[in-house]
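Sharing a structure here in structure tokens format.
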Amino acid sequence: MRAQNRQAQQMREIEMIPDYIKHPEGSVLVTFGDTKVICSASVENRVPPFLRGKGTGWITAEYAMLPRATEQRNIRESSKGKVAGRTMEIQRLIGRALRSVVDLSAIGERTIWVDCDVIQADGGTRTAAITGAFTAVGLAVSRMLEAKKITENPLSGFLAAVSVGVNADGEVLLDLDYNEDSTADVDMNVVMQSGGKLVEVQGTGEEATFTRQELNEMLDLAEEGIETLFALQKETLGAFGEKLDAARKEETSNVT
Amino acid sequence: MRAQNRQAQQMREIEMIPDYIKHPEGSVLVTFGDTKVICSASVENRVPPFLRGKGTGWITAEYAMLPRATEQRNIRESSKGKVAGRTMEIQRLIGRALRSVVDLSAIGERTIWVDCDVIQADGGTRTAAITGAFTAVGLAVSRMLEAKKITENPLSGFLAAVSVGVNADGEVLLDLDYNEDSTADVDMNVVMQSGGKLVEVQGTGEEATFTRQELNEMLDLAEEGIETLFALQKETLGAFGEKLDAARKEETSNVT
Amino acid sequence: MRAQNRQAQQMREIEMIPDYIKHPEGSVLVTFGDTKVICSASVENRVPPFLRGKGTGWITAEYAMLPRATEQRNIRESSKGKVAGRTMEIQRLIGRALRSVVDLSAIGERTIWVDCDVIQADGGTRTAAITGAFTAVGLAVSRMLEAKKITENPLSGFLAAVSVGVNADGEVLLDLDYNEDSTADVDMNVVMQSGGKLVEVQGTGEEATFTRQELNEMLDLAEEGIETLFALQKETLGAFGEKLDAARKEETSNVT
Amino acid sequence: MRAQNRQAQQMREIEMIPDYIKHPEGSVLVTFGDTKVICSASVENRVPPFLRGKGTGWITAEYAMLPRATEQRNIRESSKGKVAGRTMEIQRLIGRALRSVVDLSAIGERTIWVDCDVIQADGGTRTAAITGAFTAVGLAVSRMLEAKKITENPLSGFLAAVSVGVNADGEVLLDLDYNEDSTADVDMNVVMQSGGKLVEVQGTGEEATFTRQELNEMLDLAEEGIETLFALQKETLGAFGEKLDAARKEETSNVT
Amino acid sequence: MRAQNRQAQQMREIEMIPDYIKHPEGSVLVTFGDTKVICSASVENRVPPFLRGKGTGWITAEYAMLPRATEQRNIRESSKGKVAGRTMEIQRLIGRALRSVVDLSAIGERTIWVDCDVIQADGGTRTAAITGAFTAVGLAVSRMLEAKKITENPLSGFLAAVSVGVNADGEVLLDLDYNEDSTADVDMNVVMQSGGKLVEVQGTGEEATFTRQELNEMLDLAEEGIETLFALQKETLGAFGEKLDAARKEETSNVT
Amino acid sequence: MRAQNRQAQQMREIEMIPDYIKHPEGSVLVTFGDTKVICSASVENRVPPFLRGKGTGWITAEYAMLPRATEQRNIRESSKGKVAGRTMEIQRLIGRALRSVVDLSAIGERTIWVDCDVIQADGGTRTAAITGAFTAVGLAVSRMLEAKKITENPLSGFLAAVSVGVNADGEVLLDLDYNEDSTADVDMNVVMQSGGKLVEVQGTGEEATFTRQELNEMLDLAEEGIETLFALQKETLGAFGEKLDAARKEETSNVT
């Protein structure tokens, strides 16, 4: 039995509070059960040196946890003077995922800094962070369009992520909480764009291995969960969310 | 005219949401107008090496800001690999202030780690942090008493802080917001315990100087503002707040 | 056309020179085409603090490149004073992969340090590193068994890795070289144990996305390539390789 | 009884040796009893990036102690690879204090680097450092005027600092030595400009609290002590000191 | 008796494999007995800031060891986050030695980065590194001449180094291996250019002292050993080596 | 012509002020012309981990310069967060030199920390530092003997160092000042013990090379200069200096 009587294929309660903090161009508090992440998108009118004068923009992401976001307090990375390997791995993942869905040439010579700060952790912080990061970028982009700073929508669809895993009984579970994650035999993070397009698949069995069949079951489940996230993103982005959804559907039907 | 028609001697809207995050022994979201700080108190059953075996505890504090807590995004201190001088100054101040009000021998061989993370900044983050830090410690202490982990209340009263300053027109202002702070001639942070006891007075006139009279006016104003904060702390701490207030008053009357 | 007229489903020339350097308990120079990695396994008679007194061992891995292993010289990480995110990601991957195939309780309170140093890079350094790392560990383990320092074989099979990808023409390729890797739309690293067991699957489409069908084609191709690597590992490990292969087959037939 | 039969309101023996080291534009060895600090002012013909092209200068300060300036040897900050919080706090204080007395627009696009290196410590190193730093800057400025590198005196008066405190018997003391400082209940550093203008007031009661009356008594005592320091600065600066004193007095009388 | 029946005045087996790795402009694997160092010379078309626009080039060197190049595994300097004093000392020595033999104005505004990576250590790594570094630079330079990127040979001769020492029996030894080095009373590194010109002499007697006579015997022996190294460098550099030798001899005879 | 009409074989004015700072067990301000170094010896009653329980002591040295000890201000190493290669090289040299003259088993399980802080630099800082470091150690040792903390003199003689060089005119010079050092073709530092015993010889010709004959001339000159330093050390150490000199002479005559 999962906590709160969840079914194996059921997401936790998901929530997105847009404009959670006032300074960023776009921000959201995203909640997956007890996991809470403040995601913000900051637009800066310049690009890193390697892109200067090329007429294209950049997106980069950072991820951190408050020291007591977790059961045990963690030492701050600023006090240790270095960023942990796990943190680097996650922020590289968030950045790559976002760059797959944003047409960088359409945002001009700007950098979008995405900050994902976990204020409370209960498993799945990286997938919540990706999902919230896209929403924050969506909010920032919709305002840049409104303010006519950019003229063309740079987003090719929605982007969200979820974790799936196999527990010790061989059961495939969606959206693992911390207890499930730490006892799972296999753990997989799936990032997708709307339209069923895979962006990242990271499956790991540290203490165990997994079969092709398990891989497929996990992917099926992830796909279902991610659809829920796309729906909430659409709603949170309001009118811009509607347009984004319509544009994507049209594009897909054109293809067919 | 101050923002929101505030009077010179008027605090911004103050709010405290206890138990804002679930893992810490005590936590609060403290709000001074648009300044929002998550304060948490984590109790650890050991002390730093220099205190081992001495039967006494320790309190230490850390302070940080989310990169986009401010108007302009700041680079993370973890990315820079070092903690800024300003941050160190503030966390040393918070720690010293808390140690003035906590009887460390009454908490046993435990460390209370206090984390103050500014999620939105609009001036006065260090004074909001001290005020919230005390509240988080109060919540943690009340639970340690309830759980009979400690038998005696280690707190000698309430502790809060506020900023005061002198603007370019020579007007003395209470609880400066960011705009006021960055244009003020003199800026002072006052930390007090209930009963009118001064803990820290830090007055600075970088571009200007100040007189003894201005110093006194600022202190008078700070004292008034801090009383408001004590009242809200008392309320937020519930039954424990009542007891703390009663104990302090009795002690004071005994003295008299 | 691939370099050296390679077929899409063809590995580069693979070579393993055992005992390439004399001090480590096990070492190998592994070559995938022009990619060359010195892998060494160092056995130390102690474990990290969190494992002391638990009767179990530990395996950890480090990865680095000589500054001029690449087309352009890279600044040394020791000069920069910090390890890059990419490096951390790779060494965490190598460590996890090795821990999936080694029974840590069977090596006693020992740490096996695995060092993978790329002396020449032409794509696929992380998969070559994992493949060589296992071989170096196999050599070290076989000597520990011979010297009766351990009594039971801690390895549950062979372990190897390969990269696969989809190029701009939608063609699925095995074992990408640097040119192919930098122009591929999708890049996937697959780590497997003998017996067709998946250990890690990391698929990424930074500039593009991929479908479930492409994912499956890539996995099919990876599985074929990895079989070649298992064969060479078996040969390089000599008598111990034979035994390992036999033990694994028996176990599998028992299961059936 | 204080060491050397000092009265509560008596400074230690104060000495300033100008031009103590030969390379800096201005330097002084300042002595407060057994506390000895080498202060030097280095003039550089450029400013930090944020000031370039604005026609204004900058002053910044650094503070350090020789490892064996103290009773117990301290590890060098260069060996530890980071500057301690206490050091940062002090150097920020020295810099702010100096900037309050120097008209930066009158020194042109130059940076004055002030280095305060404690070669022997016996309490009050930060106040000795501020007092010596001003003197070193005064020497450097007088030579810039003589050499006609600048045409206008950028200093608005003298600047000095002293510590005051309350001991366990409730006695208010001036210019605490190390023993007094480490047993005092309250410790306050006061920075003033000539003319009775307050620049910084930093009062702290870590183990104790203090009253408004004690604060006022400490400020009275500090003011007296600082007058002695102004007199010695005037003498040490020679003819330039005379002019600075005269200019300031005239300005004050104009005001009245 | 020395290992492998070596005579006191005999070098270990020396080998140089040119173009050992493919990317650098020049590279060599140099072997002194069991000491093996990969030396590479990377030519970059720019110079450090202090040389920009001066029409002259720069040579700098870095030195490192694989963690298990030695009997005991060493922690990576990148993991420690800082370069050890010994490493810095060696790379400064290699750089200085190379700059003594290269006419920097003849290589134009280019930097030659020399990397010496010890893959197996058995004493004398720094002298092997210098000897190999020169050879790698020689290969790079000969190609720059061939490609007419430079028109004039910037090398004034060959450059090599060897260690000499005095053992506990007072015997003077050439080219010490690790065992000899760690038990020697005196250890000296000698760097020479062809033509008997001394470049660096670094003699150390940590546990002992040495006499002028011992110094002279060591220098005599070093000179003999280095001649062997020059011969191998000449051979390794092929036609360019011949020319370099001829030019040097002519120059010398001109002098006479 | 040398500055102040010095002869080629003449030392600068040398001075040693013992007990220059009060806290260290031994300290001296050593002056070679305009080069001034505070050397202190701090005795600590413990040894580094690798020596614990072995009944022997340790000596280690650190070297630093005040930022404005030089013509141009240098950035502090603590601000840069790392110790420069030059600094490491020098402090390793000072430590090695001291360990050659101190019988570590005779000081018990103690560490002597030697700090050499250059307050004014004009060439030859490392040789002045070695010379002063020995004197500070001598003072500390004589007091440990007086206080009967140790019973046996651990020093085997005096220890001093001087620089010698060859200028552009081929003239061999003793004790180079900064101008001479920066224009010299060859620069050599010689460390000796009394009795003519060589401890370190470090000769370098970065822009030039040198001959065996020049090497010998430099050594002759260094030996003469160092005798002057021994005489001053003897005098500075007072009664202990006399005994040390007598003991050494006796030992030498015994040998003969």
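Note that the chains take the letters A, B, C, D, E and F in the order they are written out, and that residue 1 is the start of every chain.
Criterion: contacts are C-beta pairs under 8 Å (C-beta built on N, C-alpha and C of every residue); 3 or more make two chains touch, one makes a residue touch a chain.
Only a predicted model underlies this, so the values are computations on that prediction, with no experimental measurement involved.
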Query raised in the report: What chains, if any, are shared contacts of chain E and chain F?
Result: none
Report task. Averaging each chain's C-alpha atoms to get its centre, pick out the one most distant from chain D. Result -> C
Query raised in the report: Where the CA atoms of chain D average out and where those of chain E average out, how many Å apart are those spots?
Result: 52
Requested in this report: Express in whole angstrom the distance between the two chain centres, defined as the mean CA positions of chain B and chain D.
Outcome: 29
Query raised in the report: Got the chain B residues that touch at least 2 other chains?
Result: 81-83
Report task. Mind sorting the chains in ring order for me, with chain E at the start and chain F directly after? Result -> E, F, D, B, A, C
Report summary line: chain B residues touching chain A in their complex are 21-24, 27, 34, 36, 38, 40, 42, 44, 62, 64, 66-71, 73, 76-83, 87, 113, 115, 117, 119-120
Report task. Would you mind writing out the residues of chain D in touch with chain B in their complex? Result -> 82-83, 85-86, 88-89, 91-92, 96, 99-100, 188, 193, 196-212, 215, 219
